[in-house]
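Two complexes come next, and they have one chain in common, chain A, joined by chain B in the first and chain C in the second.
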Partner chain A sequence: MNAYITDLNQIESWFFKLAEKQPFFLPIKTEGINYRFEKLNDVRENNEQSFPELLSYKPTLLPPGKNIFPDGEILFSYYKDEQGHYQFTQGSNIESQIISGIRACDLKGIHLMDAVFSDGIKDIHYLQRREKTHIIAFNCMTPCDEHCFCEAAGSLDFQTGADIFITPLVEENKFLLEAQSSIGIELIKTLTASECLNPVELKEQALSSRPAPFGRQFVEPIEQVSKIIHQYDADKVYQQYAERCFSCGTCNLVCPTCYCFETKDEFELGNDLSQGRGTKSRHWDACLNPGFAEVAGGHNFRADPAARQRHRVRRKFDYLPQRFEQTFCTGCGRCGRQCTTDIDIFDIVNDVCSSVSETVAQELDK
Partner chain B sequence: MNAPMNQSVGNNPYIPMMAEIQCVEPLTERETLFRVLLPEPLNHRPGQFVMVGLPGIGECAISISSGPDSGRTLEMVIRKAGNVTGVLHQLKKRDFMGIRGPFGSGFDLNDFRLDKGNKDIVIIAGGLGLVPLRSLIIPIMDNKSDYGRVHLIIGSRTPKEALFRQQIQQWKQLPDCRITELVDDVDFQDWDGEVGLVTEPIHKLQLDEKNTQLVLCGPPVMYKFVLMEIKMNFNIPDEKIFVDLERRMRCGLGKCGHCQINHVYCCKDGPVFRYSRLNDLPEALG
Partner chain C sequence: MKPKIAFFDFASCEGCQLALLNCEDILLELLELVDLVEFREAISEKSARYDIAFIEGSIHREEDSKRLLDIRSRSQFLVALGACACNGNVQARSNFIAPAENYKLVYGEEARNRVQIDKNYWPLWAHTRVRSVEEIVKVDYQLRGCPMSANEFLHLVKALLSGQIPHFPENAVCVECKRHGNECVFDKGLSCLGPIAYGGCDAICVNNGHVCDACRGLLPYANVEAHNNLMLSKGISKEAIKSRYRMFCSAEKMSQT
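Right after this comes the complex of A and B.
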């Protein structure tokens, strides 16, 4: 049996125990309103606080998956030896980390990134860090805010890939913890908890007590949404949203399944002004930025902002699902929450679906 | 950043091999041919590309211009177009440059052989488009008896931008080889070829339409018009027409996202596509 029942106090003190051994991240309120995944030790030094909103916090600005795919990651370092030959070293040292308080939608985001970076030529930088990242995730009992649409996107009950998965139970301040991996079993040893004999029953009880429908819903079921986005151009809808889009790329940067990157080569000037050593690093990029698909000579293959909007929507609901057979929007709501001009992928998708059913209805009338 | 960790470095796909430059030959004001010696053969296919650069400076996607049997030697034509290519243009013989690859699908020479029933091969190149297609033309010309009639249409903007003219002269001597060289504008220079766009000679081609393989590479604006002209004059099946496309590229591994054309990555599934495949890829000729 790997299921246990405990309360929030025990969970909190267990977190502090785990944080003594390795970097331990959890969502912490910063700057008054927003949450971020912060290192627990830093928090403790600043103010000894508990985490009343640990399992009900408003989703963080950046998804936790970015801890595994950090901006500015060193891909390799080099130096020139005495003979003037280039010598290369692997990249940065990767230490193990625990990320806790991950919502199911973000857990799915990490699961999708695992699929992307293991596909084809393996991305060793991501995979090495992923292997050393241990995850404590939880099940949401209420929609996080008005932007949430995780049920519609099919990620509400996602629990694959978490080492430990927490479900808040119907009985107040009681939590079910399931260890889902050998590392999870190891980590949970230091938790003060009683073994749970009927986890399936308790979990079902908890899940059925949730509001239904859970968060916003698409006008069509998700399988149908993907078909419509794939099949119809819906130029007018994308154009309509593009008109108020600044092409700033915020939606890309906060998305748990956006992983496009730019590379950057840098050298350090030595005492003799030689370029003897340096690095290659990668930095998050955004397909909504105007220059994303521009080539030498100035030709831009996606110069139209509406084409860039469509590209982003299709990547989530059409292109990547074709390759990986899963929807690449997790319904976390971040892009809509952060957009300066309130462009929400949820609205775009619904408008595309409605515009298509209108067109189909008109054709039937004829 | 101490001693290099040789075992683990082997599986980092971002670390380039350092190739020694054997020859630097300026071809035009902006384009230079680099011949480099690699530490090991690339075993590339025609139409594949490499990421070329210098550690600490940057990298860009460059077409391979030498034929597939070139062993450890690799030829590339690099246009001075930005920061990285600007630095590469300063390199001299015996300097080193970083090479990663080969990347992309490229051409399969079996698609062109006479014994597979291919009577005519048409290759249309505009400007720098000749550079990648040279890696296909060389093996065909070197083993000309294995291939049918070859028709080359090569366009440049002006005579001084025309590439590989000497080699083109040698190809002209081979049997069943018709080559049309054009410039958009003679620009007050000597020119013994024709004047006009690459679309103009297309209708004059004499082809066994059902047994023709047609290859196309050039600036983005060219594809639409050339394909229109071909469709108007000939009934070549779409799966026998190949286009070699250009995109922004950063990783070459199908990860960084810049080269995406609808649901495919140009660096993995391309840069060579059969025209029949483009029905599914409306962004391809954008």
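Right after this comes the complex of A and C.
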């Protein structure tokens, strides 16, 4: 059996124990109104705040998957040896880390990134860091805020890929912890808890006590949404949102499944102005930025902001689902929450679906 | 022969050149590779031709634009250095105000009344329009910001010296804020020009708890109308918004406001 029951106090002291051995991240509100995944030890030193609002926190500014795909990551460094040959070394040292307090939507985000970075030519930089990243996730009992639509996007209850998965039980201050991997079994050893003999039953009880529907719902079921997004261009809908879009890329950069990056070379010049030594790093990129689809010669495949909006929506609901057979929007609500002009992918999708049913209705009337 | 690099200053505080002098480690590395032939802040050597000419400052008088044309004709690459050269900077706010009104702002009402009866009292600057370098000569590269960023400077010089094309993404400041995991300035209850302003500064102001005032100028695709509406929705007056836009972006086109 790998299921245990304990309370929040025990979980708290267990987290501090884990944080002594390796970097341990969890969502903390360090300033203002937003949360970030912060190192527990740093927080303890700089902050009086008691234990984080683990179960009620508003999704963090950046999704936890960014810890495995850091901005500015050095891919490799190189130098020219005495024979004039280039020598390469793989970038940064990768140390193991625990990311805790991950909501199911963000867990799914990491799962989708795993799929992308393992597809075709494997991305060793991501995969090596992923292997050394251990995850403690939990099940949401109430929608995090008014932007949540995880149930509609099919990521509520997602628990694949977590080493330990926590479910808050109906009985107050009781939590079910399931160790789902050998690392999880190892980590949970330091937790003070009693073994749980009927996890399935208790979990079912907890899940059925949740509000239904859970968070916002699309006007169509998710399978239908994908078909509509694929089939209809819905120019007017995308245009309407593009009119107030800054093309700033925030929606991409805060998305748990946006993985595009650009690479940058930093080099030192030798005395003969040759590149003797340097590094190649990668930085998060955003397809809403106008320069993203610009190619040599200056042609831009998506110069129009409405085309970029549609591209984003289709990446999440059409293109990537076709390839990986899963919806690439997790319903975390970050893009809508953080857009300064309130462009929410949830609204776009619903508007596209509604505009299509109107079109279909009009055609039937004729 | 080492490539020749020169710095020229026009109407500016020369802060960009000082920002460069502050990066001693970068400069020493660079000086190994180039000949610095004109740099008023540091040396007084002269040269007939330049491989890279850096222009600091905005252009006001006719004689300044002639000097600039002369520099251009002797330079392979001409780079606008800093906000004054790139978009006029704060001094270009005077472009929006009638000369007599400007004069009053500086010297008071009495002086303004005097120039209206005696044209000899007009100072040289009073009738000039503040221009960016690009309004007079072809600019190969812009190193934006008040002051310019030493990292971008080094990137540009290294790229040009080694025969590459320097790359400055035309992205909003928001991109760099997100890369830093900053809380959005609007979430703090403040307002920000980041969504319509050139990034490249690494969001240095927001990283340090300030807001963005677009010292790097407006992006060519800036959705000013949407930004204006956003600012209005936060309860900021039309006048205050206009003034904010003009602070650093004054010589830029602002067709939509």
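As a working rule, the second predicted complex is superposed on the first by the 355 of 366 C-alpha atoms of A that agree within 3 Å, B and C clash if a C-alpha of one lies under 4 Å from a C-alpha of the other, contacts with A are read in each partner's own complex, and residues count from 1 in each chain.
Going forward, contacts are C-beta pairs under 8 Å (C-beta built on N, C-alpha and C of every residue); 3 or more make two chains touch, one makes a residue touch a chain.
Predicted model only: the values in this text are computed from it and were never measured.
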item	value
Touched partner set for A:F267, first chain B, second chain C, both or neither	both
Touching partner for A:D123 - first (chain B), second (chain C), both, neither	first
Chain B versus chain C as contact partner of A:N289, first or second or both or neither	second
Chain B versus chain C as contact partner of A:R36, first or second or both or neither	second
Touched partner set for A:T340, first chain B, second chain C, both or neither	second
Chain C versus chain B, contacts on chain A by residue	B
Touching partner for A:G72 - first (chain B), second (chain C), both, neither	second
Chain B versus chain C as contact partner of A:F88, first or second or both or neither	first
Chain B versus chain C as contact partner of A:E358, first or second or both or neither	neither
Overlapping contact positions on chain A, where the chain C interface meets the chain B interface	262, 267, 275
Touching residues on chain B, where the partner in the complex is chain A	1-5, 8-9, 11-15, 18, 53-60, 79, 81-82, 85, 96, 98, 219-220, 246-248, 250-251, 253-258, 260-263, 268, 283, 286
Contact set on chain A toward chain B in their complex	75-79, 85-91, 116-117, 119-121, 123-124, 259-263, 265-267, 275, 277-280, 282, 285, 287, 292-297, 299, 301-302, 307, 311, 314-315, 318-320, 322-323
Complex contact set, residues of chain A against chain C	31-34, 36, 61-62, 71-72, 243-250, 253-254, 262, 267-269, 271, 273-275, 283-284, 286, 289-291, 305, 338, 340-341
Complex interface listing, chain C residues touching chain A	29, 32-33, 158, 161-162, 169-172, 174-175, 178-179, 181-184, 186-188, 194-196, 221-223, 226-227, 229-230
